[in-house]
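Sharing a structure below in structure tokens format, with a few things to ask.
Naming follows writing order (A, B, C and D), and every chain is counted from residue 1.
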Amino acid sequence: MKRYFRELSVAAALVLLLLLLALFAPHFYELQPLLSRLTAQIPTLVLTLGIALVMLTRQIDISVGSQFGLCAVLAGLVSAGGHGLPVSLAAALGAGAFMGALNGCLVAWMRLPSIVVTLATMVTWAEVLRLFQQGKFVNLAPGVQWFGLSQLGGQLTLLGVGGALVALAAYLLKNTSGGRHVYAVGSDAEAARLSGINPSAVTFGVFVLMGTLAGLAAVLNLVQSPQVDPKCGTGLELKAIAAAVVGGVAVNGGRGSLWGALAGLLLLATINPALTFLHVEAYWEKAIQGLVILLAVIADGIRSRRNLN
Amino acid sequence: MASLSPSLKKNVLRHESLLLLVLLLEFAFLCLYARNFGTPDNLSNVVRHSAEIGLLALAMMPVILTGGIDLSVGSLMGLCAVLFGVLTHDYHLATLPAAAVTLAAGLFAGGFNAFLITALRLPPLIVTLGTYSLFRGLAEAITQGTKTYRAFDPAFLSLGETRWFGVPLQAWILTAAAASFYLLVHRSTFGRSFRAIGFSPEGARYAGLSVQSRTALPYLLTGLVAALAALLFTARLRQARADAGTGYELCAITAVVLGGTSIFGGVGTLPGTLAGIAAIAVLTNGIGRVPAVFKAGIGGELASLLTGALLLVALAGPELARVLSTRSAKISPSPKTL
Amino acid sequence: EKTDPAAPASSGKKLTVAFMPKSKGNSYFIACEKGAREAAQELGVELLFDGPTNTDPAKQNEIVENWITLGVDVMAVACENREGISGALKKAQDKGIKVVTYDSDTTPDARAFFVNQATPQGIAEALMDEAARLCAEEGEFAIITATLTAANMNEWRKHIESRLAAKYPKMKLVDTKPCDDQKDKAQAEATNLMSAYPALKCIMAICSPAVPGAAEAIKQAGKTGAVKLTGLGLPSENRAYLKEGVTQSVILWRVADLGYLAIQAAVASGNATLKPGAKTFKAGRLGELEIEETSIILGKPFIFNKENVDQFDF
Amino acid sequence: MRQPLLRLSQITKSFGAVRALKGVSFELHPGEVHALLGENGAGKSTLIKVITGAHQPDGGTLEIGGTTVSNLTPTRARKLGIACIYQQPALFPDLSVSENIGLRLEGGAFFAKVHWKQRRKNADALLARIGAALDPETPVRSLSMPEQQLVEIACALGSGAKTVIMDEPTASLTQVEQELLFGVVRDLRASGAGVVYISHRLEEIFALADRVTVLRDGQSISTRAVRSELGAMELTEEELISLMVGREVASIYPHRGGSPGETVLELENVCCAAGGIANISLAVRAGEILGLAGLVGAGRTELARVLFGITPADSGTIRLLGRNVQVRSPQQAVSLGIGYVPEDRRRHGVILPMPIAENMSMAVHPKLFPGKWLRFEAERALGLRFIEELGIKAYGPEAPGGSLSGGNQQKVSLARWLATEPRLLILDDPTQGVDVGAKSEIHRIIRDLAAKGLAVLMISSDLPEVLGMSDRIAVMRGGRLVETFEGSTATAQRVMSAALRPS
């Protein structure tokens, strides 16, 4: 209980919001739109998982939005070129892994600060994409949407993939040696080294994984509509980071859980639709979002403050 | 000049000197190959256009030095611009009192961040992520997103164009701000405390430093400076709108980081930050003037790309040299912040 | 009075024309750029294309000021921000640079001509009328816009609302949502709108990525035909949805022609072949166009629909 | 002759311009406890790090179990059967005790499953064996310095290594834990393992070691047997010291002071629930050194933290020079004239990346920099003065604290508070990790200051130090003050039995 206070206070805020909606806007719980809203968050969820891992090792990756956009367009072009979904998936994963590996090399082996490295790769990939694609949408091959399934089937598949991924990642992180190494490196890289863990390898691995997840997320986004918008990654890094941070993943590494990140994402992703359903004018959106972020963590702040004295 | 502070001296030999070299090369290249780059008119444009981001970067530097971050500065600029518009238009205040109230509001907003960060001990990243949304949201709510304030006092608007001794007003303001922040960071005990807190807040507390108030100060200053930047921005653009300063926080952070300040706190110099600001400003202005670039119409993209590359080169350079010279001599990584 | 834009510049030196979109990497302005390059080639002028990478009024000002010191002869600008940019443009005029605006205007004193695809009022009324026609002048509708601060969209919204008040008392605008110029966000907003307002009859998407985004949302919600969709967008991005009947209509002008005309007008005013007070303007392949005060009108906006969409290739 | 576990010859190692090791040779046999001795900065920890693969040597050869190894990494060293307790605990603050132990011992493959129950049981058993009453689920972040050292010991014990290295394992342990540790070391020796043991407490060397190698200025001076085959002592303390220091050092404590003056600090029923201390009443007078003894976790450090305003008292009165005061924060404590040399020098005592002069001036900003403007010359002078006075080994006042050896860091931490010229100085293990020479120097300085009217509250886990230095000795147990002795009447037995007596 004490250890998961942050996660719980975020979950409590989420439940409160959901209750409010149940009381004042029961339409919110209509099945089909709810399903759509949830599936729309799956790509962000995948990114959030990656970001949470990166943050646990005491690094940051702000290039994920750009990576996502580039992978999406690449996968789209591959599919438009008449190749099947497996080929576009492979292309996206490969491209993501490559971009992740580049970040990883610079951070882990050259010991550059990750914020700087990923700031640089963020603009690089974004500009490369802009110059290359010039803002044009990519029209996908017909069989891509919903993996070629029916809409419901596709959405359930997506939710399944998302859920399985969270569960798997959370399990591996908690219960495998490698998962614990992530925490160890984020907690104290030098101590990790002295304990026989290779911090550079762990950091590198996490960045590669982040890139691969960005590729996967791009494909999971791609299958939800018949076109790719090259701007689809803009601002995603901030959403994913905000979700992880609100969910209690420490910026300084070593502390936090994927379940917390999930709770953070759900909370943030519920605020925006909630405003529509509660008939709040759109220009209040950002202010309320900011307030909710602050409120969700203030409880935690007051608690740790009390603990200190 | 009297002796530099020892830590400054050491850094000057590392990162900042490389950056300065890059800046000079950049400058020389642009003077040679970019059309009309070196003209006085254009150089004053370089300063005028980078004044707001430059001010934010100067104020951001001490924040990052304490191991914090302030993502809300751009949004606060929007809020202050709107507030200034409301005061002059809806409340018919004269320019001077309105500006004073705006500055006070900026200080207050900075104080809000500082309160949450120091009194409640919330991580700066989350707090300012929240206020990043909140401040912009308030600005949008006040204007309902659409309202634009125009028609300001001509004397106020002329601030955007004024020159003293042939040098734009912005340059004077930047110089004054840079000098003040230099004194604060490198010459006063405040700066020393920022550094100590950045390295280890616990260590600073056990040394009897007033960690709370010293951590709060840089956030108050970013608030104040964001308000000042909002006023300058309003004067330059001749209007106040909720979207003023969008994305400026990232530009400011980029300049600070490029200038060699460690995002984990403790390490960094103000001259480095200045060089970072200048390198970006010169690049942004100049690269689009190289004929091959403007013919292809890729000025903006190339400027961003080169900024990214510059970041990597400037940081990787000294690091590479160190790695190559002493492969194993590794100072233990900086201790974690709270 | 006749003007001939193809006449060589009096000085004999190649004219430098700067051309600025509201933002780069946006398919609408890419199409504009295409037309602009065509015109520049035809007229033998040097074309400079630059603009903010994201819609950013401050950046536009800076680029204008940089063009002044760069020494361009003429500039054609799509203004993100009407008043905001006027100061910089006036400065350019003071230095003897000819200024025309296109797509969205600045204040009239800050430019010589405005190349107008249609007046904001015209666009707004076309949109409103089309929406009213689609839902038989009755029921709830919602707007999806780019951002709450986008100046020209706010202008359109203003005119939409006054048209609504004046002509369609039985219709109700229930909500306006921004989509940050992103298709996916537009899709999410449309999904929410349809479920939060079950009686919604029509969505009006007034920025180009929002139309396919909203279309996909309607399709996924199984409300094809039940919720009508119209908006401003490009034919290429909407062809499939138009044919499936998800999107009823899309309103737009020939975007490439807008860029083409902007350069034609810019060069002509740079050569002083197009002078204030002219009543008509002969614009290359577009032929003779009318000038209303200082606005050169491209023509009426088109309404693309299932039947005619295949005639357009942009 | 049996195969040695370790053989090092002519090892050299430099950090930039600092030549930490200039040619060290050393051998470790199975079944021996081999002590490594030397002044602060002699290169002991560096040597250790070469053996564990944490540092790559610049030259020389390293043989492990008879085979020459190069490019050793910590992972490989562990596989070769080397375990180490580092001088600076290398633990993960965010993770629990059992996980820290687990990560050290398992070294599992990437996808190896973590057996939480097994880990916990294992941790419980190891902690019990060294007599540490720690909950394996507490995060290491909330452990005190000695508790962290216990965790380190548990790690080394559980490793099953043939070679166990201990770098000042007892620096902040008290007698009782020390005895338990000695038991562990003797068990290891009996099982045929070799132990490299570093300590500045000579009595430990004599109690434990079979052989001793002395390092001076990065060179191995000599290796000597401590006892003959028959168990007779072959080495005297004086000999050992002169080998280390190269000169004679009086290892006796300075004379006690004269009559104490006015009461500087007076506590009445001070309680602090967060710190787990209750009803503390004591007085310290000017010119007096009050020693505070007790076991790990007795609450001595907590009392110091209360007095320094880090965890302010909940109730009771604190009187300073006769005035009632509330100490709510360290900066307030400083302004009241209280100084505190903390127990955990790496986290609290020294800001490692900062130059040592800046570390030393940290608590005297108002005095040294009136008007808040820095004066670099004055600061440098301050740094030079203490480098000189305390014999700190560093290349200058601008050397970062992290580049100093452990003992020298401790001196920097002490210098910071000496510079404030406080009325009341609280010392928490002031000589932990400090070599004999410097130790007696520090003792002399403390005594001199006391003679000039300073009141000193000295916590120490080194019982001889408490006995030798204190005018009076207060003993704490379970967060309470249980007994007070006059310095002259106190003996080790009496103090220990007061600290141990079950409540």
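Going forward, contacts are C-beta pairs under 8 Å (C-beta built on N, C-alpha and C of every residue); 3 or more make two chains touch, one makes a residue touch a chain.
Bear in mind that the values here come from a model prediction, so they are computed numbers and not experimental data.
Summed over C-beta pairs in contact, the chain pair with the top total is A-B.
With centres set at the average Cα position, the gap from chain A to chain D is 45 Å.
Look at where the CA atoms of chain C average out and do the same for chain D: the two points lie 73 Å apart. Rounded to a whole number, the gap between the C-alpha centres of chain B and chain C is 35 angstrom.
Across the assembly, chain B contributes residues 140, 144-145, 301, 304, 332, 336 that each touch 2 or more other chains. Touching two or more other chains at once are residues 93 of chain D.
Each of residues 24, 53, 148, 178 in chain C touches at least two other chains.
Contact annotation for chain pairs lists A-B, A-C, A-D, B-C, B-D, with touch applied as defined.
Note for the complex: chain D touches chain B at residues 15-16, 55-56, 93, 308, 310, 329-331, 333-334, 340, 342, 346-355, 357-359, 362-363, 365, 369, 372-374, 376-377, 380, 397-398, 400, 402-403, 416. Those residues of chain D whose C-beta lies close enough to touch chain A in the complex are 52, 54, 73-75, 77-78, 84, 86, 90-95, 99, 102-104, 106-114, 116, 274, 311-312.
Interface residues of chain B facing chain C in the complex, by the touch rule stated above, are 35-36, 39, 41-42, 45, 48-49, 140, 144-146, 148, 150, 157, 160, 233, 236-239, 241-244, 246-247, 285, 288-289, 294-295, 297, 299-301, 304. Interface of chain A with chain C (complex): residues 25, 27-28, 30, 32-33, 36-37, 40, 127, 130, 133-137, 139, 151, 221, 224-227, 229-232, 234-235, 272-273, 276-277, 279, 281-283.
Against chain D, in their complex, chain B makes its touches with residues 3, 5-7, 10, 186-193, 195-196, 199-200, 202-210, 266-267, 326-329, 331-332, 334-336.
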